[in-house]
Amino acid sequence: MDLGPFLFLASLEGLVQAAVLSLSALGLCLVFGVLRVVNVAHGEFYMAGAVIAWAISHALPGQPLLGFLAALFLAPLLVGLAAFIADRAILRKINHNPEATIVATIGMLYVIQQSALIGFGPDARPMEPPFYFHVNFPWFGYSGYKLSVILMAAALLLFVWYVISRTRLGLFMRATQLDREMAQVSGIPVGWVYGLVFAAGAMLAALGAVLIAPIRQVHYLMGLDPLLMSFIVVIIGGLGSIRGALLAALVIGMCDGIVSMFFSPTLAKMISTLLVALVLILRPEGLFGQRKPL
Amino acid sequence: MSDNTDILADKDKRKSLRKLAGAAGIAMTAPFSPVLMGHALGSDRPIKVGMQLHRTGIGASYGRWYERTAVATVKLINEEGGINGRPVELVIEDDGTDPKRGAEAIEKFATWHKTDVAYGTLFSHVVIGSSPRAGELKLPYYVVSEGYHVASGSLNRYVFQPGITDVRSQMVSMAPWIAANLGKKVTMIFPDYAFGHDHRDYFSAAIAEQGGEVLEMIPIPPTESSFTRYFPKIPRQTEVLYHVLVGPGVLTFVKEMGQFFGTRDRPRIFGYIDSLEAVDFATPQLEFLQGTHFWEAFPRYAQPDQTQHDQYFRGQVGVDNNGASVNDPRDISTYSHMFGCWETLFIIKQAMEICGYSGPEDRQALIEATESLTEFPESRNHPQGGKTFNGKIHQCFGIQHISRVEDSRLNVVHTTSIEDGLYEPEADYTQMAL
Amino acid sequence: MTGSGKRSLTLHIGVLVLLFLLPFILPDYHQLVITRIMILAIFALGYNILFGYAGLLSLGHAMFFACGLYAAGLPVYHLGWEVPLAFLFAIVISALAAALIGAIALRTQGVAFMIVTLMFAQAVYLGTLYFSDVTGADEGLVLPEHARSFDALGMRVDLTSPEVRYYIALALLSAAVLMVCRWVNGGLGREWVAVRENESRTRMLGYNTFLIKLKAMVISGTFSGGAGAAYGLLFAYVGSTFASIQYSIDALLFTLLGGAGTVLGPILGSFIMFYLVDFFSGHTTAYLLATGVVLILLIMYFPLGVLGTLRKKWLPWLP
Amino acid sequence: MAALVAVSLLSAKKLNRRFGGIAAVKDVDFSLEQGEIRGIIGPNGAGKTSFVNLLSGRLAPDSGQVVFQGVDITRQSVWKRARLGIAYSFQIISIYPGLTVFDNVAIGAQLGMQQPSKSGQSRDQEPDLEEVVGSCLKLTGLDWGRTQLASELAYGHQRLLEITINLAVDPTLLILDEPTQGLSVDEIDEFAGLLKRIRSGRTIILIEHNLPFVMNLADRVTVMDQGGILAENDPKGIQMDARVKAAYLGK
């Protein structure tokens, strides 16, 4: 294929990747920004979202659109509820201590993943897209649903922006992030905000997963890759900085799409993980980092 | 469970230390096995077959059907009087489709379950990781893997593949038809590990022999989940796109291939059924496969000339004429592989009967008996077709089918003969010490 | 030597003697299992030096395990090296790798250190996949026949014998335990603990805390690499699976469970966890559920682990 | 003490350090003689702690020079300066709370034993760690609690432990940042006694708010204000100094 169409296809792939990645990375970023903890189970919330989406669409055979819409609503809700309970029952007990939280969320990673193995089984299962049409470019074809994922992700991101900047919950979140003690003194229920933000982070991951489920198959091990990618995005973007994370998601999604067309994807991943380590060491505030996030 | 008594029961020679073990609480640490343990050694002791199963990991969809087939076969053998008058017991350990756990499963079979043989592994990296342990523990190990590693001589005398043809033979037998009917300029997409490398090495050699060439090789990491980015690497002058993939991403792979080609001109497509094993051809977005070809060892959709053996096999395992579970038409089997589990168990039975196998002390005789086999005629026990067996390289050779996709089903258009798939053996396991 | 010193010495020797006697009373299967556990316990002992004593939580120790595994296995496979030479080579390489990674990663602290080690380990794992021509990637390499025995001290050591493997593993574990005992009861151990408890104070006192942490990293990495080398050579197989994150988590889990900062804790943790998983895998394919549940319960209720809790409540002399 | 020839142990020239737009330490020239106890006083925010941080190396100066025993240590790291013999005792207690009192002191002692004695006391043979720790604990009167966890000690005892750890390293110069803060009157008296016991062979900088305490102990007193040195004299002279009264005491 010629270079032009080649890059065009790579960019489309990159945009789809970036769209989903920005949702899940935003979730991780939010949690880190407000709670100051790293949620290692983030990828499993993503997987859980996809599994629930599959289950819903499976329960409504022949009605992919209805199934998808129901999943788009219910899957994040259920995942968010589970995350909220996990925060109140586990993370609150260890006072959101950063290091203990990593260990605890590693434990949660296994619990969720293995529960999915028991309940959902070890097979990869396809989920029917809500609608399907084929886009024929002169050089190659492309899935219309994939293109729509980019738009849907953008709409969801706008919604998140609205919640953070225009609602009471968003205000509480920003206040808690800036100064936990002050927030507490001003009567913000910090414990609840923590739980809600942890849930919101998981919900964003689940949303990304619902969008991607009809493209890729649903599998109990599908959470590991988005976790690593989200990590990379959040670190490069500057821990806790939402704008940085979104920018990084776009750049990394696009890079991943383009670079892995020229090089082995394994090599591409290897380089990006090393890059993350170096960024953390040399520029802990991230490449696009700023000290005042949100 | 009965584990504590079991430790004591078959450890008579260590009776004197038994109390010490009890006192130290060692017996408490005994693992709990999924099956009831057999009792003390005796003539009524069942023949234990340790099945190394891909219950989890990337081989899970195969594992599920391998298990069903093995269970059905054991049931049949037991209904017919077992082996040498003794019942057969299947002991299953999950290997997670992981070589390291595979090796541990072999150890568990040899020393804990004390199975007579190990059996049933599909994924070649698990076979390769497990073989040395089987060799050193002197546990006969019958794999159903398709890989060339057994026949290549790189494993050891305890490893056999008597129930399924290896990939190299499959390719040697099919390359002439592909070159003559589809084209000679080939691009290959294959998984980037042992099984895929067999394809890479032996198909490119086989097609070169037919005057063809491989234009581009596109290896895909086994855990990949997104594939569109690989397709632009397919050169424009490609006549035949040869694809084979395994793992959880196969359906995505085939769908994205369809999306990429769209309705434009595209090369002819020849796939290994592995790319769609356990996947329904009637899945939306697979319509583009119409008119493409697939290799099948054993036709998934019952053909007009279906043999009675095929029919019987489907009935016993619980598969309908579309290759799906009789209980759930959406649950598609791995029909081109799982027959190997059936046939291999009957070969184990045959070999055990030849050497009058009575227990682990006869394992070496079992190896020699298996090596002495030469032919498995088409029969109920060998429903996929007749096979020859080369005892020196521990590998069997059978027929292959090339099928065309027509209206979301596969119709056989060409069947190779056993002779088509023969190649010069490169090893001789019988020279190795037992 | 003080009374508590004698008691702890007796305990350690006792544990090793018990391990020496076990093969006489245990069924063959457990002999094989314990051989593996002892090697993994060396890995955990190494991890514990860094985490339990120096207070640095690494999420990437599988890279050192894999480093030893490959540094031993590849020369044997590709160059036909003898086993003892390969083992020593692996030790040296692991030490160098740990020094290099440590020199870079120790510029960070806390959560950043955890993520940096995680990322380095992930890069190593991907590297073992990427350089599949050399490493055999997922599929791995089976070590050839010549590597299954070697001459040492005028004896032929046959690695295909389970007894021989068991006692080699025990010898390595004993050496590791004695070394750890010596270090942690001496000045070096006190320096590690000082860094763990209050790094800035320790630096103000005049300690080069970076060097102290680097020492912990190198010793820890060398132990882990040695365990990897032993695992590869004893069981004649090297493969990418050993570089996966699962092994980094296992080292943490064994240490946390047994008791971080106790000498015998990682060994006890390895035993409990291995048998727990063995037990669960008999009942469910989702046996890693046990790993998850144990991790959560430990961090919530027993952050000190089994021996750590014992030491705090009843046995203050435990090292 | 007075018999000793006055030698400059430590000197600072034109030290500057800014935080953002504020000059915390401004053009400070400072000289310390071997064996003296120097008090540093001044109102809050006068730059006392910043200044001693520049001496101990916890902060790097923007400009200026620090010389210790004839060696320019301006660019040396904290731990190297400590090895040369500068010990800093924290204003906010900084001990090893999870360890026993013995281990706390041993951490300092084992470092002190690795290097030649600085306080001039000769060592005939390689001392035993137990002995060194024991004698340090006796010196500060903490030897009754050697097996206790540091976190379980009372506040005043933690203060003493903090100093004991430093003494165990056997420093030449001991910088004490508000050592009497939070202590009872009795404890302060005891502490003054302790300082008198340990001053032999050592030089001590004492940052204090408790003026009677400083005036009683110090050989000389430096008064800081707004990042600079306002006055320097013996305690009597300082008490007479009109500028000091105006800037500080008179308030």
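Chains: A, B, C and D, in written order; residue numbering restarts at 1 for each.
Keep this in mind: a contact is a pair of C-beta atoms (placed from the backbone, for glycine too) under 8 Å apart; a residue touches a chain by one contact, two chains touch by 3 or more.
Everything quoted here is computed from the prediction, not taken from an experiment.
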item: Central chain of the complex, centres being mean CA coordinates; value: C
item: Chain located farthest away, centre of subunit B as origin (C-alpha); value: D
item: Distance between chain centroids, defined by C-alpha means - subunit B, subunit C (Å); value: 36
item: Rounded Å distance, subunit B centre to subunit D centre (Cα mean); value: 76
item: Intercentroid distance (Cα basis), subunit D paired with subunit A, Å; value: 53
item: Of all residues in subunit C, the ones touching two or more other chains; value: 129, 285-286
item: Touching two or more other chains - residues of subunit D; value: none
item: Multi-chain contact residues (two or more partners), subunit A; value: 117, 122, 266
item: Pairwise touch network: line, ring, star, complete, or other; value: other
item: Chains that touch, pairwise; value: A-B, A-C, B-C, C-D
item: Parts of subunit C lying in touch with subunit B, wherever the complex brings them together; value: 18, 22, 24-33, 36, 129, 132, 137-140, 142-143, 148, 160, 235-237, 239, 241-242, 271, 275, 278-279, 281-283, 285-286
item: Residues on subunit A engaged by subunit B in the complex (per definition of touch); value: 1, 5-6, 9-10, 13, 17, 117, 121-124, 126, 128, 132, 134, 136-137, 140-143, 146, 215-217, 219, 221-222, 225, 257, 260-261, 265-266
item: Interfacial residue positions of subunit C with respect to subunit A in the complex; value: 57, 59, 104-105, 107-108, 110-112, 114-116, 119-120, 122-123, 126-127, 129-130, 249, 252, 256, 284-289, 291-296, 298-300, 303
item: Sites on subunit B touched by subunit A in the complex; value: 55-57, 60-61, 63-64, 221, 224-226, 228-229, 231-233, 236, 247-252, 256, 258-264, 278, 283-285
item: Of subunit C, residues touching subunit D in the complex; value: 187, 190-191, 193-194, 197-198, 200-209
